[in-house]
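Chain naming follows the written order as A, B and C, and within any one chain the residues start at number 1.
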Amino acid sequence: MSIIAFITDFGTNDHFVGSMKGAILGIDPNATLVDITHAIAPGDVSSAALALLLSFSDFPKGTIFVVVVDPGVGGDRNALAIKAGPYFFIGPDNGVLSLACKKAGKPIIRSLENTRYFRKPVSMTFHGRDIFGPVAAHLSHGVAFEKLGPEKPSFVLYQNPQVILKGNCLQGNVAFIDRFGNCLTTIKATHFADFNPQQLRVKIKAQKAFPVCSCYCDVAKGKAMGIIGSAGFLEISINQGNAAKDLKLKIGAPVEVYK
Amino acid sequence: MSIIAFITDFGTNDHFVGSMKGAILGIDPNATLVDITHAIAPGDVSSAALALLLSFSDFPKGTIFVVVVDPGVGGDRNALAIKAGPYFFIGPDNGVLSLACKKAGKPIIRSLENTRYFRKPVSMTFHGRDIFGPVAAHLSHGVAFEKLGPEKPSFVLYQNPQVILKGNCLQGNVAFIDRFGNCLTTIKATHFADFNPQQLRVKIKAQKAFPVCSCYCDVAKGKAMGIIGSAGFLEISINQGNAAKDLKLKIGAPVEVYK
Amino acid sequence: MSIIAFITDFGTNDHFVGSMKGAILGIDPNATLVDITHAIAPGDVSSAALALLLSFSDFPKGTIFVVVVDPGVGGDRNALAIKAGPYFFIGPDNGVLSLACKKAGKPIIRSLENTRYFRKPVSMTFHGRDIFGPVAAHLSHGVAFEKLGPEKPSFVLYQNPQVILKGNCLQGNVAFIDRFGNCLTTIKATHFADFNPQQLRVKIKAQKAFPVCSCYCDVAKGKAMGIIGSAGFLEISINQGNAAKDLKLKIGAPVEVYK
């Protein structure tokens, strides 16, 4: 009995999440089920890959992540289970698992070909209920990872936009905007670890620079800043405000850090 | 200790779902609680009946379904517990349980009249917390189904639109549109089991016919098809697209299958 | 192992709720996690305080409520754990816990200063994952309340708008509007317990008076009424309709009860 955590594009208005959980509990009634999000836009593999990257390490060892953003369902894409670090990741081979698995470390990849662990009959449109969920449930219930299918040497990688260092300037992009309007960038704290923290400045578009702060409250209410967010990435935020809205930032917008 | 699965029109913005679950866990702290959906439009009995029909059989035997879409709360409608197939269904007697109970088979109906299993005092506006949830919790905690109240011979039936066979044409309707824009119809795979699968065609409005496929990927990206969905009903879908939007289909739209 | 129930402004689109739950389950894998709501508007302390007030007493004794609506995160506001009645409440000291703790009775307040029960490192932006959640998990796992930090004599109070009695008229306000359009007011049933129930009338704006009913069905479909809702407050409702929309009521709108 393990924790099984979900990221999908199913939404929560339809019955899909419930059906997947019902199928899982029929196999392992003692699994602990946790929703990370079901609000990924339909087929948006890169957002799901990022949501997994930002959250997986907050879960305890042994957690099984089921990530179903699967525009190729029923086609010839592979279905995978990956052991990486102390975690298991299950989902389609379209890159959705790749950012987290690379960070978790030393991914061992299995192709889900042992149909013994599928729900029967397997529909052509709902592998969350029929393949990914049941395989996770069997793993949670004690089936050995090795039994899920043959080992594979590689998997589809989702390419995160690169962070570039040009002279005294780190160049990255907005990768994710949260509910509060905080704009998480591709730039990590580790990227500028050797910069002088007192002199760090963040610049977006042609607008004037913001300081990099350690607390929202370091600037006045309504003022912008850079801040290292809870997953270790630089974020553009406004104290008690909505940075994305007020600064008109969208996903992909360029962000620069100067020392 | 059982699985208790929920379909309501409570939404998830207000505290109602939490209050109902709190009341349940006070009676059976070991029940496993699963949300199917709380996003049924207020008072939309037919959508809730359909959501239950589409999902109940994905859950393990013994699951207790609590369905609270109850525009007549506090009035003289009956409250029911129904045993059908290996499942229990609890909710108001307004048809919301009827499609699933008919499919699950041999419904045995009890009227919830034993107030011993209610939360006290019973409010006039929130029977999910005060009657349906607590009764489910007592059932989960080991109370015999027979103790919930006297047996009733019948319950209110929600009439699903009929599928009609005219010559070589099956006539049905769109019954449900999911998050991806897939249009689930009233026509089941079993309705055309004796049709030649190579010659099956789906027709909507006066538009040209689509093939019935076994995988989204059987047609090019952006092309429409009929496909048997995960609950056994014919759906109108577009490969990696939104059929409801692109084909301007709404609930109730006529759909025909030709052999 | 306890029930841990959540009220936050995190929303459910981002990974924040999942991350907080992951951190909790790493400390107490047997905690039962219940979402009350995550849809509080960002930083809306008063709505969160009210949602907690309306729901906490529906939960069993020993439940731990984690309430994270925390616009001052990372600043110098205190973090609290409060024992009140048979419950525990954890959150920032900004008033969000105060309405429920006053009603639960005899609050004993501890300042969360024992960093032993925090997740390390503590981020500056996500104390739900790093402080409030982990402290709740340790409490659930058996750590004594007294160990969480030193006792404090008082906490920030959120001032609920007062109900005023003028002659034969109780004056209050709309405090909360639910998904169905029911308008919960600040006036409690106990406020007019000595009024003659046959003669009670509710008045909003200059509009004509409504009766106070005991069931939605006491008036015709589409007609307005006052009714005592499930948490003991007077609500303005329309039988099978949306009172907020049809009567153009907003939060703060004045409501009067006449005897």
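Quick note on the criterion: a residue touches a chain if its C-beta (ideal position, glycine included) is under 8 Å from a C-beta of that chain, and two chains touch if they have at least 3 such contacts.
Just so we're clear, the structure is a prediction, and the values are computed from it rather than from any experiment.
If you sketch which chains touch which, every chain touches every other chain without exception.
Look at the contact of subunit B with subunit C and you find different residues on each copy: under half of the numbers used there are shared.
Centre-to-centre, using mean CA coordinates, subunit B is 31 Å away from subunit C. Residues of subunit C in contact with at least two other chains: 12. Chain contact summary for the complex, subunit C toward subunit B: residues 3, 5, 7, 12, 32, 34-39, 51, 54-55, 58-60, 63, 178-180, 182, 214-217, 227-230, 235, 237, 240, 242. Put simply, subunit A touches subunit B in their complex at residues 9-23, 25-26, 29, 33, 42-43, 71-76, 123-126, 129-130.
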